[in-house]
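Each of the two complexes below includes chain A, the first together with chain B, the second together with chain C.
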Partner chain A sequence: MTDNGGQNVRKLWTPFNVIVGIILAAGAVLTVMRFTQGIGAVTNLDNNNPWGLWIGFDLLCGVALAAGGYVTSAACYIFGLKRYHSAVRPAILTAFLGYALVVLALHYDVGRPWRLPYPIFVSQGTSSLLFEVGLCVFLYLTVLFIEFTPAAFEWLGFKKIRALVVKLTLILTIFGVVLSTLHQSSLGALFMIAPSKLHPLWYSSYLPVYFFISSMFAGMSMVIFESTLAHRYLSRHMDDTHHQEAPGVALGFAKAAAFVMAGYLGIKLIGIAIDDHWRLLATGWGVWYLVEVIGFVAFPAFLFAMGVRERNLIFVRWAAAWTVLGIVLNRLNISVIAFNYHLPSHERYIPSLMEIGTSVFIVTLGIVIYRFITTRMPVLHEHPDYSTHSPGQERT
Partner chain B sequence: MGISRRKFIGCLGALALGPAMGIPGTARGASNKEFAGWPGSLGVLHDITKCIGCRKCESACHRVNNLPDPETSFEDLNVLDQKRRTGADVFTVVNRVDNTSPVFIKTQCNHCLEPACASACFVNALKKTPEGAVVYNEKLCVGCRYCMVACPFNIPAYEYHKALAPRVTKCTMCHPRMLEGKRPGCVEDCPAGALISGTRDELLAYAWDRIRTYPERYVPHVYGQHEMGGTSWLYLSGLPFSRVGMREDLGTKSAPELTAGPLSAVPVVVGLWPVLLTGVYAISKRKEKIAEQEKQAAVADAVDQSRKEAQNRMETLRKKWDQEKQSAINFEVKKALEEAAVKASEPSQTKEDE
Partner chain C sequence: MNTLFFTLQDFMVHTKGITYLIMGGLLVALPLFWWFLTDRDDENETWRQ
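Here is the complex of A and B:
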């Protein structure tokens, strides 16, 4: 623990704490309402629109944006790109918190949350893609938890068990990539069962591929975006290694993201061509589709490429934030905006303020926990006892 | 009747060629079984041209299912003018096709042969029974509502206002009554003969018979014969089905076919990824090792080289030094000799002086 951490505890009435306090209090009220009066009391969901913001944003965006965990750890431990080492722990922490909050949000969304273990332990509906998602998310949350424990063990001083977990790094990383491939893609495949409800520009037999590929650059952008925020607000908790490696991580991921996004645009194009949906591009929905694909994929991809070429971190950071927005737009388009596009406007779903409030509450909770952990545990810096700079030590 | 010889050979061909050629129609995940419904399963035929909009079916449905009474009584036919759908306490509704028309249509669960809802359910809470009904088990339901997302007919409803034990609700084709040998409540109470129950095969044959006998009365299509892989509830209509508010763009693929592709990718990912990734790891590790070895070799080389160079330089220096030293010695010796020679000649002189 650092001295600064101690000071934070003493200064209670900071603007950050006040705003967070208000949001958490509102969240508590909404939680009570949800669990005493039912889903209908806080949401605008209805029989035509069974999935809303809590699935579209909390689940789909939450999982996509937590992809930084598998992307970064795979880059570092499988592909041997050691220069990303200092980015692994923050990415694993973000991923773990992301998935934990996804599961928390699901407790609000499903009717009987205490039955969430049912698909795994009681009755397995193996024909359902949601079963695949559920099983993978459950397993991957466990993997992320184990992957994160070394930081907690270093903080607590449990040397032996830490050494044991560190030995599992490679297996956990490979397992994480397998699980991520499966559930990132099957989140997209969830919608393949409803070709009559999702607008044809978004419905494609490539949906699982789109979701998986986009999760890669979502994860990379999120690592860059999160690192930007962390440098601004948590800089004092970073060590020299982290500071020195950060621009390299940002530029490296920016370059990779630009390539992956270009590939993504390519398969999007193939998807339109295979289904012969060119005509639809000239409709209102087509314009909206182009806004998503050109405005929020092609443009930030170009910005990433420019940033790498000019070695301009400002470009890279803006591109990352823009890409994150684009992912949110894409997931909301598929689950909410272009879903049930055929219904008359009065039967369409618009989230209620209380639904939005609950989502804000859950994101805020994530930020608070992230701050709590990074100001205490060795995440943004290495623990002096386990530094990679001393020979023979490996860090996760 | 069993399977015909011709069909059997056809199946064999599909079995052999399907996976090899990747024919999309035969792609069914790991298997290529064709499910044409449980043999002898029951269904209902709704003849839209006969429906008079009396709502007797609705009241029968409420009675046999013990559903709470609606706000307006079933005698009130004004509600027919509103567009209604099934809801948490409403398993079936009758709608007027449009405000001026005398055509009415009853909506309820169509009991698909391969139901999207059952295929989507991740706890098997929804199930197609051999009798033909799609039934719901509230003891397993988690309440994720993916069945409602999946249903192409927008039928299942949810008890959104129950906090503790909300359920998905929908028509059960009166499955408990069917097991007792009774007809569904709505069919029994229909005074106009717009609802007929029987085995699906009989109903299909009867429907096509009607179309052939009265070609001017019906459009030549039995809705539900092929839609979404076929449904147990079948429809005859005088107007095109899209005009009576039924979707004609659903296609004939069953829901499991739609998701078979991504599901069959699971073993590929699980089987291939670990091998590939371990390979990538091994390659990167080996590269690292070789780089390290090369670096060490290069360093050793460089050290060797510089040591040799230093030695050489020393050698030449030493040689030079030796030479210089030798020449200095030679010079000194010569000088001494010369001096000695001089001295040798000198004493005779001094002796001579003495």
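Here is the complex of A and C:
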């Protein structure tokens, strides 16, 4: 007994647990500060910069990188690419956690959490894009929750209700695609209200299209990136099917991502041409814009393509991680870095350490919950009672 | 690229003209890129980890 107790204590004090524990404790302190002393106590936000890191990173990047949910489920259930089946549940879980944490992060930014239902149920601002985004996120989070419930029901042994939810798979996938199309693009459209604040290289009437198309390859890259990490750290929770299908999923998504990224580059080029912003490319902001577009879109697209041609998963995994970084850079450029670009440097917004700490806390919370769920529920493996390899069974 | 425009018509003709040229280029480039992505698809079914 004593030996077992000693082993359990040693298992608890792993480097991962210690680091996560420190981050969560610091996050709890920041949360108390935020909700007792107000937003000014923990952020550098002001009237010039009312939206900062929590919107630019937690919300915009969170939503874009959670796009793997609708991309993977659409590929599998609408386009019939069943070879991506094993990637659906991890992608749905990542998307659900991503959106749930977006809503959590929004509480930190907006405050007064008890009024969260107001825009949907009490006072609808139907002429506002934010209302549309809020409604879509509310509905899509509900859809993702229902899409994920079969895994939880299998874990809990609720066979009847699980069978009922499985029958809704196709309609939920269609809802997911429609809602994602709406709000991914609307997040870009939000910035069209500020043509004088956002640098002209990033401002475009095509912003909604840019946001929607970039969400597709962001989602695919995130699925590959997350699968890479899961194979490294959660491999023991995967079954043979998952192990066998993973390279095919990575190569298939890499091919699709590379082609979508090429199309994205094309419409970025058209955006510059239609507004005649060529001369801005020769400025300092232009160089930064080219770093984003060439360094974090064209380069990973080429790396994806080379990975697919050579069937080299190392290239594909690096390209996926690089693309995820590129999406973060793009969303931060639009919402923080190239926003209010004309202000003198002392009036520019630089996030406080406490804002950064809160964002790290929220991401860490997501990782902990993901780990908790995948180590218990049938996400990276099939539940033996519901295996697709057994006759008459269908998994969602 | 510092073209001086006197009317909106001038500006639209110029920018649309460039855009059509880019569209033409994309119509050629994207199928070529697709061919680059897929031309080895049937060669082998192995991959390098």
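Rule of thumb we're sticking to: the second predicted complex is superposed on the first by the 385 of 396 C-alpha atoms of A that agree within 3 Å, B and C clash if a C-alpha of one lies under 4 Å from a C-alpha of the other, contacts with A are read in each partner's own complex, and residues count from 1 in each chain.
FYI, a residue touches a chain if its C-beta (ideal position, glycine included) is under 8 Å from a C-beta of that chain, and two chains touch if they have at least 3 such contacts.
All figures in this text were calculated on a predicted structure; none of them were measured in a lab.
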{"item": "Of chain C and chain B, partner touching more chain A residues", "value": "B"}
{"item": "Which of chain B and chain C A:Asn312 touches, first, second, both or neither", "value": "second"}
{"item": "Partner chain(s) touched by A:Leu190 [first = chain B, second = chain C, both, neither]", "value": "first"}
{"item": "First (chain B), second (chain C), both or neither touched by A:Pro384", "value": "neither"}
{"item": "First (chain B), second (chain C), both or neither touched by A:Gly266", "value": "second"}
{"item": "Shared chain A contacts, counted only where both chain B and chain C touch the same residue", "value": "none"}
{"item": "List of chain A residues in touch with chain C within their complex", "value": "247, 251, 255, 258-259, 262-263, 266, 269-270, 273-276, 278-279, 305, 308-314"}
{"item": "Of all residues in chain C, those that touch chain A in their complex", "value": "1-3, 11, 14-16, 18-19, 22-23, 26, 29-30, 33-34, 36-40, 44, 46-49"}
{"item": "Chain A residues touching chain B - in the complex, by the definition given at the top", "value": "35-41, 43, 45-48, 50-51, 74, 77-80, 109-113, 115-116, 118-119, 122-125, 127-132, 134, 170, 174-175, 177-178, 181-182, 185-186, 189-197, 205, 208"}
{"item": "Footprint of chain A on chain B - complex, ascending", "value": "85-88, 116, 118-125, 140-146, 148-150, 152, 154, 156-163, 165-167, 247, 249-251, 255-256, 258-259, 261-263, 265-266, 269-270, 273-274, 277-278, 280-281, 284-285, 287-288"}
